[in-house]
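What follows is a single structure, written as structure tokens, with notes after it.
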């Protein structure tokens, strides 16, 4: 295992648990128990059953014929958009709610950017009858209104984060503060492969169902378990972690991580962490993050709330530093255009986050017989107003 | 076959093709070809493949534990909400677009109420690169705005129907007019089991995948292929037709069709066709419909755009007249309350149409060991604003 | 020959026939009779009286709107029959009721036909009553009450079907100028005249009368080069909506001699 | 004993210690030094100088807001060190820099420690530098530059862990009154006093100073019944935001003798 996590909770130089003492008991409890719990047969059974009957897994691996024809290569879409609640996020929240139950927690908190993780958390809380509080940046509340409405319908309380850039980073700060204030009965369901160890590993494991399925689905369709490329967008990096997971150590499979360049990498309004970031600590984890020379975390920008984050998970920092994954930065405009293109070529409206992954074809040429799997991390229902306004439809 | 269609295109007294001569060539072409086309191996293969890889079928059959506990019976939800585009409607549009292609059509028209059928049609048109025009009542355009946005993203043209009650009935009139005006290159994808023969049968066959799956899914879960009850809401009746299809002739399985009582069956603002309707002709089919003594079609009302229709498909008229299905009418308020309840008990936000089916528990008591399958025909993303406003969330 | 239907008699006249459609009860509920009288007076050969319907799916916007208005004005099947009960005292040209099937069905098809006969209605045009249903279920009733049922054909109707329709018709064939809802066109192109010509050369037993798209002297002349007559609908409704029941003479004159 | 750290010396004094936290550069960029001088003058025993951070996730709204303002005012690590470079000419009580780890990491941990030593800083409190990471990677450096690293304990910290923290501490233990971000409470209940009592009875090698929730004479007295001293943060920031650097004497007097 060269690219996956080591037994100290690090991916190479990245990871760890840089947390205030107030969080130590919670995080330590989780660290000591998560692998044990996940290995219990009753856990596995319940998790698998819910993924199948409730989430609707396996998600299809769909050969996008018209998109493939346009870019003269063989493009498969891994349809996480078809999951219950419309994105990959629920794979993780199902897992974590079952962990939280087994740890005896009664109250759930979460941060959310695009709102998909908030919805996925509110959903599993409704399913299990648990209290749910979701922190969400004020800006994101405005630009992802449909997901705010969904959370409310599901009985969750949505609390605006008013500090900083009022986006995902700040919502995460607020969630952490809540956890510090409620150390005993509360579990914090982090929505990506970020945060202190063991979160990045735990979330990656719950999301790894994505690449597990890709393996046998490709086998069925192509006679082999490996594609030439796997492409996924990276906010914190959970959908990418899931799509890469079972291929991490197989370097025949090239990994492409797609970041948000916002209005341009060097425009000052960007979230392209791999290009602009330096090593440091954010939300309890040592990783790459965008920061001033002085170590203050930069306010990021992306049109997509889910990629509007100044860091990446430690796995991705490691994949970047080691060159295991290629990182491509996509501007707002490229993403929006690719989102519209997929809608009209394949009848699938992607989340704006996901649309970044679909925009790589102008940056990267593939061979005609390359098999390129794009992780279609979520659907665009939450983004309709943005698309409509952007294109004046 | 006592409850399914006969070889003249009638369900008992209902059905047929009461169409102007201008539509005769199109409808006749379809009638002569639909069964042949559907029997072609290449059709079946493409249809099944798309249902699996594109739509995401099979849709799960999910045991709703908390809902079951509340109503002290065993409730399974057939998760059509997890289909691509979020409702059962796409089962039919995938089928019809493949038929249209084989008939050499280049241009697709559709009517839509809730917008789900419009979205499902726009989706398959994008997928196949065909022109798409969707007629939608002006009132429905306002109350189902998210679906209008989706259709636009998918490249469809949405044309408002301005006559009559400016809802589904009128959109259907406009679509028929379009078809009369464009008799050669156009296929009309009707969205429910309504319209002239062969539409009701063709749509029911495409939707019958729902009960086909319920059979083997129940076998897996309960050791037998039959539930005690199947419940589905009825606008035109396509999701009900699909859920009932393979059980029509097995009277051990009780069928419950749920209609919209609007503000109350006798309030004058209702769409409870079975109670209020008389035999007559609407949209080319002899069936039950709400009308004046004089034979003018009544303007219906329901909070749900998809049930706001003054008729039912001829299959349902027959099921009603023969007593094969029990019909229950649910008011706006009962439906909305049931929709909120499902959201908060199971983490599934249903379409308001679907919410009607979930509201029957105050009207009908089930035994503890009854197996009740509710067809969860669609998700409520399109209805969020209505729910939020209604409950002031 | 006294029992010969007025339609058949009219069709034997050696002239091109002008037939006019209007929605009963439009612009005002009680305009029906005076419009009928006016039309006959001014030389119209035959009239289609539209029985308004809430969902006239084979009609274009103009006729739709007039139907809606007529219903708002209070028009019903019963009201129309009452308005027409003495019509044969003043009007002698063929009168046809044109309407959708559902209101007739609710009235009772036999009762409807009987009432038509009592009044002196000569025929019916029911766009959404298909040929085979008519043939199997209603033909006997229509004939019992001396009513001619008029069928439509369109450019898409196959030769076999035209022949079949001709075989069961006993008045005229309503030749839809283009497969298009009413009121949508202006002037005929070669596609349509080719179609008129093709039908003319089939030498059918029933004469044809062209409908849809006739709006002025030019289109009337064009159509009647090939057919026995032509029907004006939307153009006349538009005239009514602008002028009420006045200036009907001018409208008809304008069609017949421009 | 000349080499003894000021913190240790202070802890040996036979009195309850009042320690004050404030964010450097707040309310105005250049208030830092005068606030320090003022506090010492008015009888404060020890000061935590907050190095502002963009994302102070262990702090409540008051301290967050002061951090944000300080950053807007232009505060940086370098600016702070420059402001403090002559501080030992005027201030002699123990000074502790309290800040998050990322800015220190970017400065370079060793460079940061050296600079602290040069200035005369006595210790550091770094909430998000965990005990084990400190122990394995940074302890040697801190010690090299004579800096005391202060660890936190909370009501949830296990006995084993408290003992371990005690074993690697060489100044005092920062006893968080409740597992709660700063500024959230008012007055201590029995839960908290039980906790203070429990820790007091562990007879740790390092004295404890209570932080979080100290805001007036009452809470100061309560906390120092069980502990060596107490730290005031949010309450002082609120005072600064209302009064600027004036009336610091009143604030301190109010805590010490009510």
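Letters A, B, C and D name the chains as they come in the text, with residue numbers starting at 1 for each one.
Please note the rule applied: a contact is a pair of C-beta atoms (placed from the backbone, for glycine too) under 8 Å apart; a residue touches a chain by one contact, two chains touch by 3 or more.
From a predicted model like this one, the values you see are computed outputs, not experimental measurements.
**Q** Can you give the whole-Å distance between the Cα centres of chain B and chain D?
**A** Each chain's C-alpha centroid was found; their separation is 66 Å.
**Q** Taking each chain's centre as its mean C-alpha position, how far apart are chain B and chain C in Å?
**A** For chain B versus chain C, the centre distance works out to 37 Å.
**Q** Just how far, in Å, is the C-alpha centre of chain D from the one of chain C?
**A** The separation of the two C-alpha centroids amounts to 96 Å.
**Q** Which chain C residues reach two or more other chains?
**A** Touching at least two other chains: none.
**Q** Indicate the residues of chain A shared as contacts by at least two other chains.
**A** none
**Q** Testing understanding: with touching defined as stated, what is the shape of the graph linking the protein chains, line, ring, star, complete or other?
**A** Looks like a simple chain-to-chain line, open at both ends.
**Q** State which pairs of chains touch, listing all of them.
**A** A-B, A-D, B-C
**Q** Would you pull the chain A residues touching chain D in the complex into a rising list?
**A** 16-22, 24-25, 163-164, 169-170, 172-173, 176-177, 180-181, 183-184, 278-284, 291, 293-297
**Q** Provide the residue numbers of chain A that touch chain B in the complex, in ascending order.
**A** 52-54, 56, 59-63, 66, 79, 81-84, 86, 122-127, 129, 146, 149-150, 152-155, 340, 343-349, 380-381, 384-385, 387-388, 393
**Q** What residues of chain D sit close enough to touch chain A in their complex?
**A** 53-60, 64, 68, 71, 76-78, 100-107, 127-131, 133, 151-154, 156-158, 161, 176, 179-181, 184
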